[in-house]
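Remarks on the structure that follows.
When the chains are written out, they are named A, B, C and D in that same order, and each has its own residue count from 1.
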Amino acid sequence: MKHHQNALTPPLGWNSWDCYGATVTEAEVKANADYMAKHLKQFGWEYIVVDIQWYEPDAVSSVYHPFVPLDMDTFSRLMPATNRFPSAREGKGFKPLADYVHSLGLKFGIHIMRGIPRQAVHQNQSIKGSNQTARAIAHTNSICPWNTDMYGVDSSKEGAQSYYNSLFDLYAEWGVDFVKVDDIADSKLYGAHIEEIKMIRRAIDQCGRLMVLSLSPGPAQLDHAAVLEENANMWRMTDDFWDLWPPLYDMFDRCYRWSKNVGPGHWPDADMLPLGRIGIRSVDGGASDRYTRFTKDEQRTMMTLWSVFRSPLMIGGELRDNDDFTLELLTNKDLLAINQHGSAARQVYRHNDHVVWCTNGHDDSVYVALFNLTDNVGTVTVTSEQLGLPIDKFNCVEDVWTHDILPQGNYELTASLRPHACQLLKLKQSRGV
Amino acid sequence: MKHHQNALTPPLGWNSWDCYGATVTEAEVKANADYMAKHLKQFGWEYIVVDIQWYEPDAVSSVYHPFVPLDMDTFSRLMPATNRFPSAREGKGFKPLADYVHSLGLKFGIHIMRGIPRQAVHQNQSIKGSNQTARAIAHTNSICPWNTDMYGVDSSKEGAQSYYNSLFDLYAEWGVDFVKVDDIADSKLYGAHIEEIKMIRRAIDQCGRLMVLSLSPGPAQLDHAAVLEENANMWRMTDDFWDLWPPLYDMFDRCYRWSKNVGPGHWPDADMLPLGRIGIRSVDGGASDRYTRFTKDEQRTMMTLWSVFRSPLMIGGELRDNDDFTLELLTNKDLLAINQHGSAARQVYRHNDHVVWCTNGHDDSVYVALFNLTDNVGTVTVTSEQLGLPIDKFNCVEDVWTHDILPQGNYELTASLRPHACQLLKLKQSRGV
Amino acid sequence: MKHHQNALTPPLGWNSWDCYGATVTEAEVKANADYMAKHLKQFGWEYIVVDIQWYEPDAVSSVYHPFVPLDMDTFSRLMPATNRFPSAREGKGFKPLADYVHSLGLKFGIHIMRGIPRQAVHQNQSIKGSNQTARAIAHTNSICPWNTDMYGVDSSKEGAQSYYNSLFDLYAEWGVDFVKVDDIADSKLYGAHIEEIKMIRRAIDQCGRLMVLSLSPGPAQLDHAAVLEENANMWRMTDDFWDLWPPLYDMFDRCYRWSKNVGPGHWPDADMLPLGRIGIRSVDGGASDRYTRFTKDEQRTMMTLWSVFRSPLMIGGELRDNDDFTLELLTNKDLLAINQHGSAARQVYRHNDHVVWCTNGHDDSVYVALFNLTDNVGTVTVTSEQLGLPIDKFNCVEDVWTHDILPQGNYELTASLRPHACQLLKLKQSRGV
Amino acid sequence: MKHHQNALTPPLGWNSWDCYGATVTEAEVKANADYMAKHLKQFGWEYIVVDIQWYEPDAVSSVYHPFVPLDMDTFSRLMPATNRFPSAREGKGFKPLADYVHSLGLKFGIHIMRGIPRQAVHQNQSIKGSNQTARAIAHTNSICPWNTDMYGVDSSKEGAQSYYNSLFDLYAEWGVDFVKVDDIADSKLYGAHIEEIKMIRRAIDQCGRLMVLSLSPGPAQLDHAAVLEENANMWRMTDDFWDLWPPLYDMFDRCYRWSKNVGPGHWPDADMLPLGRIGIRSVDGGASDRYTRFTKDEQRTMMTLWSVFRSPLMIGGELRDNDDFTLELLTNKDLLAINQHGSAARQVYRHNDHVVWCTNGHDDSVYVALFNLTDNVGTVTVTSEQLGLPIDKFNCVEDVWTHDILPQGNYELTASLRPHACQLLKLKQSRGV
């Protein structure tokens, strides 16, 4: 099965990075999975993803310990730190945890760093399925600029593909459904690592299990759009996203530029949603334990943009600490409907930081999002002509957030908006009328 | 009507640049139009485009005379040089010539340079519909690096939009159907001139006539794909293309990278086809009067790539000098069918300069193009798995160039190919069998 | 005579730009010359320089009128606007004004823009000494990004050198001693225009009169240091300098990097001194009519750095409005001594924005400048070892600004300094003691 | 003593890289030292330098073994591989070999890579003089792009300076006189590593022994000229130089641009002289065991440029295999005189790849070098005016290579030169005549 037959709609899930940095434990993962099964699964959420450095026993934060020993098997493959993931003992890896997640009707994902552990290279460890060793396949000029765990793998070397195959064979045995590969879609030292992306694609294709392939960090380059789509299911449009207005503001332009590249099985990724309680054991993004720094208007603006554009949605917050507002944000049926099943999404116009997007719903409805990206109250308007739609043919205009039915003109939609706020309108033809 | 409702299929036509540089005359344009009406129109060819500097009375080549006087009306608008276009006398402009082309059932296009004539600026001429003058709207830092006719127009100045409106109003009066705007999609000094692209879009939208908007030169940047699509019908993926192997070789990667951006009303443009007799009064591209320097294999390779990818097709050669081979190239029904009506075109793989593309025909057929871009004879193969298609369900495989029915395996297609050659295969299900 | 035998010490003078922008008049030039002759000449000041657009009759500010007609002779050479320079009437050009300046015992300089007037090119004017015309020698891709007066001249064209020769022949007739050529040492569009620099060098060498050649704007690139020194007497290390701390702060690094390239006849230029009353008819630098925005400490810091480094010194203020403090700054004998006759100037160290420079005086003295570039009060110290000098061999340490004799240790010099302040110490051996 | 009081003239020596790559042995070093003492010392040659990877027991070529174990002491300091340097046994390091070289009246140098061994970091070894460990001071984003031995050292970390101090303390104990530090003056990943250069400067200054500090590879940037001079004695103007015409051709421009930065104690470095027999166990530079690929004309051209410019001279060939021509090249008294004691060297002009340089001898002589860099025979001429010298005041013009006295005109020097050839003329005033 081709990878584009997987992830036919944008993946929806939870990821441990925003709240736990490099430190999440099995208990925390399970607890968030339990919450998802109970509160979110019925809305379509399904992935539970363990982010970076699950193989580092002493991780305490989002700040990495340079050059420290990592848990690894004899084939140069990193293994879960059993002090953090007790069920991984006796070489079981993530299989027990994946089984648990699957038992809840959810899917299980992990994060990995591109490459082979430096400790395997300097100790010259074996590679499964090859008589080459770690030293022979490590790329002599390929490091991650921000983490010292790995060396890149040189695709021209014998044994290189075997190594990646052995990795994904292991993950298939564990029951992994989703792999987020990091230090690969962009690097401040080297740009994107295209050859390693291709090796990973081949490794997944041969492993016998469907896995969503997600590439980080960003910004990926549009010039690589074709090769990214050819090899991955999702890739980051941006560097790590946090709960600050400037990167949210910037995302509008990123979404505009990438909107031609959205489609079944291939999703440009606006990154995690830093909603609810985050930073619990992370200081990335310039802050620590907190409720999201976004205002409520900004949170709605983010959710609306991510949904209309059809970005994957990965919740960053500790789910158990969600308040009602956060949970509502994550369970709005209209938003999830256009995220999962919208079509022909497009920016209608952008003028003086008033922005309008539009998408077709999966029924005959049309959704129009009016955004005020300025720092002042403003009135955002869009006409039938701009939309290419006869507004007067729709006899019902609903505010998706409040469910109010709004009176609107025959030829234009308009909203008075607070700074950074948006209104998402659903245009319906109430047939019985 | 939105511009994406125009040019719903890739424009097909003839352009004077490759054979006549900056010098084409009315008689030559008419003669090529006559030829098209007689020999090509029935295959879908329709545009006759007068390329650069029709306003330069003394043009003799593809080399521009710097700073010379140009024919211009009192509103800073360039007018056809009447020594070259006699029907333009008495201020008639291109209307008589456009009428002639229309009378043949064809469409008429012109080339313009972005901006306002420098002579209008230094003489401080008027602008129609504005009390501002040329001096007031000219951009103080905006020239073309390779031609001295114009200054850019500063969109922030009052009167700037009026100037562009007045230009396209005039072209609408003339009956222009296609405008190729140059020095705008890329500039070695300034990059793309996005604000002028937007002014031109608005000017066309207000002029009351449908015109295809084509942007030059290239390479346009993928980062601008969204804004180009939002404003234009076609834009160049490449700098000027000529009859040499290296740029043809490069086009494969360009097409691969841009293939996500092809669609009704918006066409990444691989540039003119330097086929037949070219260079008659041009020395651009490093040669003068000649038959195309491409081998026959290379010509077929070019036509196949342009067709599968769905580039606009603009013939560069003097049509009256076409030989049989050239005319056949331009009238192959299968090629034109996939160019006009193919769907889901994609590069299937590229490995060691063996390249395979695939596209769906408009019936149930599938077309597979096998290319050998190496300098050696080679066998190019593609499997059902690579294609994502069960080859054995098709019971007829036809060579589109020779119309031979080829024996093929059940699970792969294969071709032994000369250097730079290709084979285009049509896979059909002969229902009666 | 080789040009390095000219400007054997850094040129000292006044320039009209900082106070009058593009608008200075003959009366103002004369008045400043009178002031210089009376108050500054005895300290070594000698150049009076008329800055940009003396050929623009309607100049009102530092903001240029784009594309307007300029005063020009029949040989494409710009001429002083006679409404602003009445003595230039009847084609006399700047000769009468130069004569006046010379009569005061001073020297006369002008500013020119690289290239040939665009109006000459579009009118196709003659060139003296060549049968080529302006149109033939203008570079087809060479403009100034911030002024529309000129096109560059293409050194590969016949007549190009003749044009520049005719320019400098005219300036020699006028009695010009100093020429500041602009848009040449750096351009945001094209980098440095090396070939035009060489043409100007040759034009001066053939004109029969010594002229200091000063190149603008900056920042010139160190990679061009050799070619700049080979052709010019001074060149800008920086873009236009104004009375703001950040560019003054940056100048320390520029001086550090360029300090190897300072020497008789060739002077890296830190740009004009925005001291006293400036901005009278200029809004460049973000402000208008004012006394310098520098604090007194910053003014002393600037004068000390420029002097130790041996930059040319060009006063930017209206001399007649000098207050006592400004005049003292400009007439400090020690500063002028090290500027004119110092040797082996060097940055001794820079640490946490405490900076020490050192230079030998022309007698046996040594000057040490202690700078506090931080925003806090701080104590700056330098040791004998750092200086490579036995401090205890000097039995007299004088504060150059206050003339106080300071007690100092045997092995280090130290100063408590306000933010942005400096102390310049003169170390002497009082022999009679 | 300041480092600029060391290397008052350009260092002259031999380096093992060009002939032995990473593999030179003690016996070979001694044999070359013996040769130098016997044949070259009397001409001023004095340094014997052991190049890269003397700590790699299994080095076989110029190609490095990635990630292999290196000989190292318990303080993270690399030690000579005792299989290659037997006298280094029992922890004696290079002391015995240095003693031997000193006993011949010569000086001893070594090559090191910037940074700390990766194996020390991954094993978390100690650092002498600090309670920090290798892991604590390694820079987390700092590798060499072409060799896997080291990580960079992070100057902001406690213990970083201690590590470098301990290195140079050890080298001082050994009796090292010259250290070539690699991967530091330029890096394709990071540019120059300025902070590590400064740490090394401080480490040498505190170690109690004079050592010439040489920085590699290049090209160093002119923008760093001041900081390089402030910290080092020599630094490379170029990437590795080999016996091919294009890099020799390029060196003329490099020397032109760097000529202002030559002076006592600080020498821009044109890199080793690939003369005589080279490539014995090296395949760097695209060839293996050979006599230099330079023609005799090119060899003279190289020696002349290096000498006039005053580059350090490091012989790359196996000295024992020198033929007469090579030995003559290395012992020409005039060349060595201008290299060691010339002054005011400058490029007089460059026109169409005819190049003239000039330098003053240490007596009243002047040397003029005429170079023909074209691929055709040509006549190169220089006039008194161009030289700024009255040629007719010199009554004797000698060809430095042939010692012929040449008839020359009163006002110009001229030479007919083969392609890539040069003539070096000595102009003398024979007083008695």
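Heads up, the rule we're going with is that a residue touches a chain if its C-beta (ideal position, glycine included) is under 8 Å from a C-beta of that chain, and two chains touch if they have at least 3 such contacts.
Source: prediction; values computed, not measured.
Asks: What chains, if any, are shared contacts of chain A and chain B?
Replies: Touching chain A and chain B alike: no chains returned.
Asks: How many angstrom between the C-alpha centroids of chain D and chain C?
Replies: 39
Asks: Report, in whole Å, the distance between the mean C-alpha point of chain A and the mean C-alpha point of chain C.
Replies: 56
Asks: Averaged over CA atoms, how far is the centre of chain B from the centre of chain C? Could you give it in whole Å?
Replies: Distance between chain centres, rounded to whole Å: 53 Å.
Asks: Give the residues of chain D touching no fewer than two other chains, as numbers and ranges.
Replies: Correct list: empty.
Asks: Give the pairs of chains that touch; include all such pairs.
Replies: Pairwise, the chains that meet the contact rule are A-B, A-D, B-C, C-D.
Asks: Which bits of chain D are touching chain A when the two form their complex?
Replies: 66-68, 118-119, 121-122, 124, 135, 138, 140-141, 143, 145-148, 189
Asks: So in the complex, which bits of chain A are touching chain B?
Replies: Touch list, chain A to chain B: 2, 221-223, 225-226, 229, 256-261, 347, 388.
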